[in-house]
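A short write-up of the structure that comes next.
A, B and C are the chain letters, set down in written order, and residue numbers restart from 1 in every chain.
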Amino acid sequence: MERRDFLKHLCWVISSGGIMSGLTADAWAAILNKDYDTTKHYYGMGIDIDKCIGCGRCMQACKTENAVPAAPFYFRTWVERYVIKTDRTVSVNTLNMESVAKPDVLPEKEVLRSFFVPKLCNQCDHPPCVQVCPVGATFKTDDGVILVDSKRCIGCRYCIQACPYGARYLHPETRVADKCTFCYHRLVKGLLPVCVEVCPQQARVFGDMKSIASPLGRFTRMNKIHVLKPSLNTDPKVYYANLDGEVN
Amino acid sequence: MEAAQNLMELSRQVVGFIYPNEIDIQWSILIVVYPYITGLVAGAFILASLVKVFNVKELQPTYRLAMLTALAFMLIAPLPLQLHLGRPERSYEMFMTPNLTSAMAMFGFVYLWYLMLVLLLEIYFEYRRDMIVWSSESTGPKRWLLKLLSLFSTDISEKAVAFDKKTVKVITIIGIPSAFLLHGYVGFIFGSIKANPWWSSVMMPVVFLFSAIVSGIAMVMLLYMIIKPLLGGKIDMKCLDKVASFLFYAVIVDFSIEVLDFIHRLYESEESIKILSQLVETKLFISLVVLQILMGMLLPLLVMAIIKIFKLQEEVRKLLYFVCGLLIQLGIFSTRWNVVIGGQLFSKSFRGLTTYKMEMMGIEGFLVALVLLIVPFVILAILIKLLPPWKKEELASN
Amino acid sequence: MKDFFKNLPEQAVRVVVLFLILAVGLLAIRQFIIPPEMKDPVIQKISSTQREAAKGIKYAGAEICAQCHEKEPEIKKTGYHRDLACESCHGAAQKHADNPTDVKPESPRKRDYCVYCHQYNSSRPTGFPQINQETHNPRQPCINCHNPHNPKPPTTPRSCNACHAQIERAKAVSYHALIDCTVCHTAPEKHKSSPRTVIPTKPDKREFCGKCHDKGSPKKGVPTVDMAAHGEKYVCWQCHYPHTLGGI
C-alpha cells in the first residue's frame, strides 16, 4: 500500500517540478507579445523618501487602473505618514486620500522628524507568500514580478498571513488574494506602473535591472539603499533611499 | 455596503497603527475550531495507543471509546477549513497541484492517510470479530450495514482474531507518528511564518501536539464518565485514575513547554516584545491569563495534585476529574484562540492592535462554529449505537 | 510473494483488495480523466501570466498624450511641473486616447485639486512649495494666476516660506521670529529656479552667532554665553536648531 502512495507522490513531485524548469523564451514570446521576452527583464522599484510629498496620487491612480475596491481597507499601494516628536514618540498613519487636501493641524514645534513613506508589494526575490501558497496560485514570473492567479486562488489567506509587509488583502468581491503586480499588464507593453507614472516628484523610480541604463540603476548607485525588514531575508526588490530607522 | 460600514466601525477601534490591509482578521473562529478538533483526534488516538503499544492494561476500557471519538471528530475536521475558504469550490486543487513548499498543501494527503490507513483500518480490525457476531444477531438494515462494514468477512477463528490483534498493534505503531503529523503540521503552518513573531517559533508544533494530547485525553475521560453510566455500566475507578494520571503528566509537560516559551520571549526581549506585551495585557488578558493559564492549566494541575496527595474519596474524585476535564477543554480551546486570533490582533508593523468582531450568523460566524463543535458528538452517538465500545458483559460486570 | 498472499487471512485480503481498487481507481482518474490544464502547474503558470498581461489599460502614459497634444509638453518642459505626468491631473486617459472626439479627460479648474499636493502639510519635505488654502487668495481658482503647465508664481515670492513653509511656521513662533532668513542664509537667485543644484549657505563661523550671543554682546534681552568656554569644537548649529523655540 505504502509503495503505491509513494509512486503516486513521486508522479506529483515530477509534474510539479515542471514549474522549476520554466519555459523557453520563444514560448513566452509567442504567448504574450511578439516583442516581449520575459527572460530579458527583471523589474525593481526605487523610492526616495526625501521626495515623497504625500499627495496620494499614486494611491488614487492604482485604485483606478487595477480596479481595487474603493473603500480605504484595500490597497495595492499606500502611503504612511510618520511623525516623530521631540519626546521620541512615533505616530504613524495611513494617508487618507481626501484629508490630505485639507489643512493640517500638526504642532510643528513638537516635531523632530516627519515624512511620508510609500509602501507596496516588495516583489521579493525569496517571497514567503509564494512559498506557502498550497495550490501554487501565486508565483514569480521570469521577469521578477509576483502574480496571483485569481482563477486558481482558493482564498485560504495563507499568503496574506505570510507577507511581512501587509501588502496583500482578500478582495471582497472575488474572494481571492490580491496585491500589487507592478502593473504587469503595463510592463509587458513597455509602459510604467501607474504609481510611477503619476508621481509628481518622481519619488518612485522604476527600472529593469537587466537593462544597461535605467532610472533604477542610477538610483541604486547614487543613494544609500535600504529595504524593509531585511532580517527576514525576503530579498525585497523595492529599494528605499533615505529610509528612516523608525519605518517598519 | 454593509461590509464597508462594519470595517469603518472596526477601524475606529484600532489602537495605534496597523497596515491598512490588516483591518480584517483573515483567519476566523473556524480556524480556531479546526486545530481544536484535530487536536482531539490526535490526543484521543495517543490515549488509545497507550493501551495497544505501551500495554497500559488499566486503560483498556477507554480504548474503543477513544478510537470512536477520534473517528467522530476526524469526520468533521475538513468542514471548518472548507467553510472558511474564499473559494471552497476550488479546494480540489490541493490534490491536483499541491505546492510542495507549502505546509498547508499536505492537509488533504495527511488527512486521507490518517483517516483511511490509521483510523478506519484500526477500527475495522478491532471491531471485525464483534461486527460479524453482531450482524448475525441483528436483523434488517443494521445487519447489512454491519456486514458491509466488516467487508463481508466471516472468519472468527482464534487464528484470525489473533491476526487482527497483531495488526491493530502494528497500525497503532504507525499511527502514533501519523497522529503527530496530523496535528503537528498545523503547528508548523503557524510556526513557519517568519512574518508573525507570535507564531514564528520552533516550539509551535510541539506546543500544539502536547496541548492536543492534553485535550484528547481529557475529552475521552469526560466521555467515559458520561457515556458508560448512560449505557448502564459502572465507571472503573482504576481506569479513571490512570487516565487522570496520564492527563496530569501531560498537563505538566504542556505547561512546562509553554512557560519555557514565555520565559524565553521575555528574556530575549526582541523587537516585537513591546507590542506582544501590550497584546497580552489588553486584548488577550482574559483569554490567555485567565482562561488558558489560570483556569485551563494551573487550576486543574492543582486539583489533580491535591487528589494525588490526599487520596480523596471515589465520589469526590469523580466530580473533580469531571470539573478538571471541562476546565481543560476550555483552556485548550482558549489556547487555540490565543494562537490563531491573538496572532492576528497585532499589526506586523508592531505599532498597533486591531479587534476581532466575530459575527453571529454568516458562514464564518459563531453559530456555525458551535454547530461544528456539536456535530461530532452526534456522530459519536451514532457510532456508539452501531459499534458499542463495551460489550453487555463488560457493562454488567463492573 | 504468492505464499505471502496465501498465508494472509481473508480479512486482510479483503482490505488489501479494497485499497488496491481505490488506489488504482484514483490513479486512473488522475492520469486519464483529469485534463492537463487542471494538474500541470507549468500550463497554469503560462495561462495565468497571459491573463494578467491581457488586462485593460486605463492610464495611457505621458508619451501617448504628446503624440497629439504638442503645445502643452512644450510649455511644461522648462517649468516646475516638467516631471508631472499629464494624467496625474487629468486622470486616466486611455479611453480618451482610443476615442479622442467623444471621450474627454477631466480638467481640474477649481481650487480643489491643486491642494492635494500644495496644501501645507508639515510632513512634506522642505523645499516643496506649499500654501495655506484658507488664506492664499481664497475662492479664486488656482489657474487664474498659475498656468498649470508651467506654474510660475505671478510674482517672485518675497520670502523663502513659499517653499520652506514648515521652517517659516516653526520660526514664526520662535525667538528668531523677527530675523529674516537672509540674515543667516545667503540664497543665490538661481536657487529659486533650480533649488536642488544651488543650495543656500549656512553660517560657518561661531563668531556669526556670537555677534548676538557672546557675552558682552550689546543686544538687550538676548541669552548670552561665554563662547570661549562653550562648545569650542563645534559651529553653533551643530547642536542648536535656530528655527525652533528653545533652539533644540
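Operating definition for what follows: a contact is a pair of C-beta atoms (placed from the backbone, for glycine too) under 8 Å apart; a residue touches a chain by one contact, two chains touch by 3 or more.
Just so we're clear, the structure is a prediction, and the values are computed from it rather than from any experiment.
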Which is the least count of steps on a path of touching chains running from subunit A to subunit B?
-> 1
Chain nearest the overall Cα centroid = A
Which pair wins on C-beta contacts, A-C or B-C?
-> A-C
How big is the gap, in whole Å, between where the Cα atoms of subunit A centre and where those of subunit B centre?
-> 38
Length of the line joining the C-alpha centres of subunit A and subunit C, rounded to whole Å | 15
Between subunit B and subunit C, the Cα-mean centres are separated in Å by 50
Multi-chain contact residues (two or more partners), subunit A = 1, 5, 16, 136-137, 152
Expected list for subunit B, residues touching two or more other chains, is 93, 96-97
Residues within subunit C bordering two or more other chains | 19, 39-41, 44
In the complex formed with subunit C, which residues of subunit B make contact?
-> 93, 96-97, 116, 121, 124-125, 128, 150-155, 159-160, 163-164, 167
Flag every residue of subunit C that touches subunit A in the complex, lowest number first.
-> 16, 19-20, 23, 26-27, 39-42, 44-46, 48-59, 61-62, 81, 83-85, 87-88, 91-92, 112, 115-117, 119-125, 128, 132-134, 166, 169-170, 173-174, 244-245, 248
Could you please specify the touching residues of subunit B with respect to subunit A in the complex?
-> 1, 3-4, 7, 11, 16-24, 26-27, 84-88, 90-91, 93-94, 96-105, 107, 109, 113, 117, 189, 192-196, 344, 347-351
Which of the residues in subunit C end up touching subunit B in this complex?
-> 9-12, 14-15, 18-19, 22, 34, 38-41, 44
Subunit B contact footprint on subunit A (complex, rising order) = 1, 5, 9, 12-13, 16, 71-75, 78, 80, 90-94, 119, 128, 130-137, 152-158, 160-170, 172, 175-177, 232, 248
